[in-house]
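Scroll down for the structure; my scribbles are underneath it.
Chain nomenclature is as follows: A, B, C and D, assigned in order of appearance, with residue numbering initiated at 1 for each chain independently.
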Amino acid sequence: MLVKVLAFAGFREILGKERELSLNESVTVKELLAELAVATPRFKEAAFDESGALRDYVLLMINRKLIDSRQDLSRPLQEGDELAIFPPLAGG
Amino acid sequence: MLVKVLAFAGFREILGKERELSLNESVTVKELLAELAVATPRFKEAAFDESGALRDYVLLMINRKLIDSRQDLSRPLQEGDELAIFPPLAGG
Amino acid sequence: MIEITEKDFSLDEMIKRARSKDAGAIVTFLGTVRDDDGIERMEVEAFLEAAQAELEAIEEEARSRFSLRAVEVVHRTGSLAVGESIVAIVCSAGHREAAFSGCRYIIEELKKRAPLWKKEIGDKGERWVGRT
Amino acid sequence: MIEITEKDFSLDEMIKRARSKDAGAIVTFLGTVRDDDGIERMEVEAFLEAAQAELEAIEEEARSRFSLRAVEVVHRTGSLAVGESIVAIVCSAGHREAAFSGCRYIIEELKKRAPLWKKEIGDKGERWVGRT
């Protein structure tokens, strides 16, 4: 299963803007983030606190819709999903 | 005693933009308006109601300061005063 | 700068004058002649000296109330066709809240206090605005 | 028109497009880079497709809530020096209340909802705005 990961602002600087990941069928958002954390220690530091919880300021979109970073982490990703990772919005 | 009378908008169309009047020493705003009404019937009609009271929408300035058209009509005019007569403001 | 003039003005120039390194927000109000009810044009008249003084007083109030960095006001007089500009107000400030509030304050006070009048001219004849 | 672009824009052109015979009020918000705290320039980044879609949704909401006649929004991306324009919003309406409210609504919602980020770059280093 292919999933696209986009990162913006500080997270783009750590992860790069875009990558395609080949995943097992059953992976959840939480599992995907954990994989990224293992592969990229700077991402782990930036996105997770000491207890391993996702930091408050990490925002996530699936297919361009914001998800609740606390409640929706167990959502399983589907083939072709686009997960975007970014810090708080600051346009204007 | 010389007093300048300015008129704007609808009142300018009736009275002309500017005139200098030679007056007795003791003339009040009310007396001056009455004189204008005698001299110019269209002004009388536009500025006064049937009972002879100044209409609500007549605004007056003396020396570029608004006066209360109900309370300050008995104010005596001074040499060199400038009385402006106009309808409600409508800029912008 | 406060100006009452028969000439058309350049909003771009006004905004350029209002820009500064310490201003993060510039809010502009532009009032134009609307074709309400068969209106074809408007005649705008000013008590020039009194309107200039009143607008300067309003500018000062707005600057101090909202810590504005720059204020530009132009009000036109004379014959203006539908779609033409009547008035423009440009306010710059550090932040948007102040720039919006300052611009709004100036147009509201201008309408209440500046000795200016408009006559609507259209297919139903002529009428001084605000005159009942 | 909604645009997210690296290029600078002409406010004059945006206002020209917003003019119409039935619009009596045009309100413009212009956001510029402020020299707070040693800032020299800003890098603006967008999630382009998502930001475009969000701004279009915000425009639609503003149009229907405030009966706006025209809406123009441009947000820049890339490297912007102090004093340069970041964002411009132009709203026209029949009357000023609606034009002010519409313009204010769009900038507030843009800041809350559009996936855009700014990095401040100055004599104290670099910092993503909003990142604690």
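Operating definition for what follows: a contact is a pair of C-beta atoms (placed from the backbone, for glycine too) under 8 Å apart; a residue touches a chain by one contact, two chains touch by 3 or more.
Note that the structure is a prediction, hence the values are computed from the model and not measured.
**Student:** What's the overlap between the neighbours of chain B and those of chain D?
**Tutor:** A chain counts here if it touches both chain B and chain D, which gives C.
**Student:** With chain centres taken as the means of their Cα atoms, state the distance from chain A to chain C in Å.
**Tutor:** 50
**Student:** In whole angstrom, how far does the Cα centroid of chain B sit from the Cα centroid of chain C?
**Tutor:** 28
**Student:** Could you grab the centroid distance between chain C and chain D? Build each centroid from C-alpha atoms only and quote it in angstrom.
**Tutor:** 23
**Student:** Listing for chain C: what residues touch at least two other chains?
**Tutor:** Expected reply: 31, 107.
**Student:** Throw together a list of every chain pair that touches.
**Tutor:** A-D, B-C, C-D
**Student:** Can you name the residues of chain A that touch chain D in the complex?
**Tutor:** Per the touch definition, chain A meets chain D at residues 6, 8-10, 12, 57, 61, 64, 84, 86-92.
**Student:** Report the residues of chain D in contact with chain C in the complex, numbered from low to high.
**Tutor:** Answer in residue numbers: 10-12, 15, 19-36, 82-83, 94, 96, 99-100, 103-104, 107.
**Student:** Sort out for me which residues of chain D touch chain A in the complex.
**Tutor:** Chain D residues touching chain A: 31, 44-47, 49-51, 53, 75, 86-87, 107, 110-119, 128-132.
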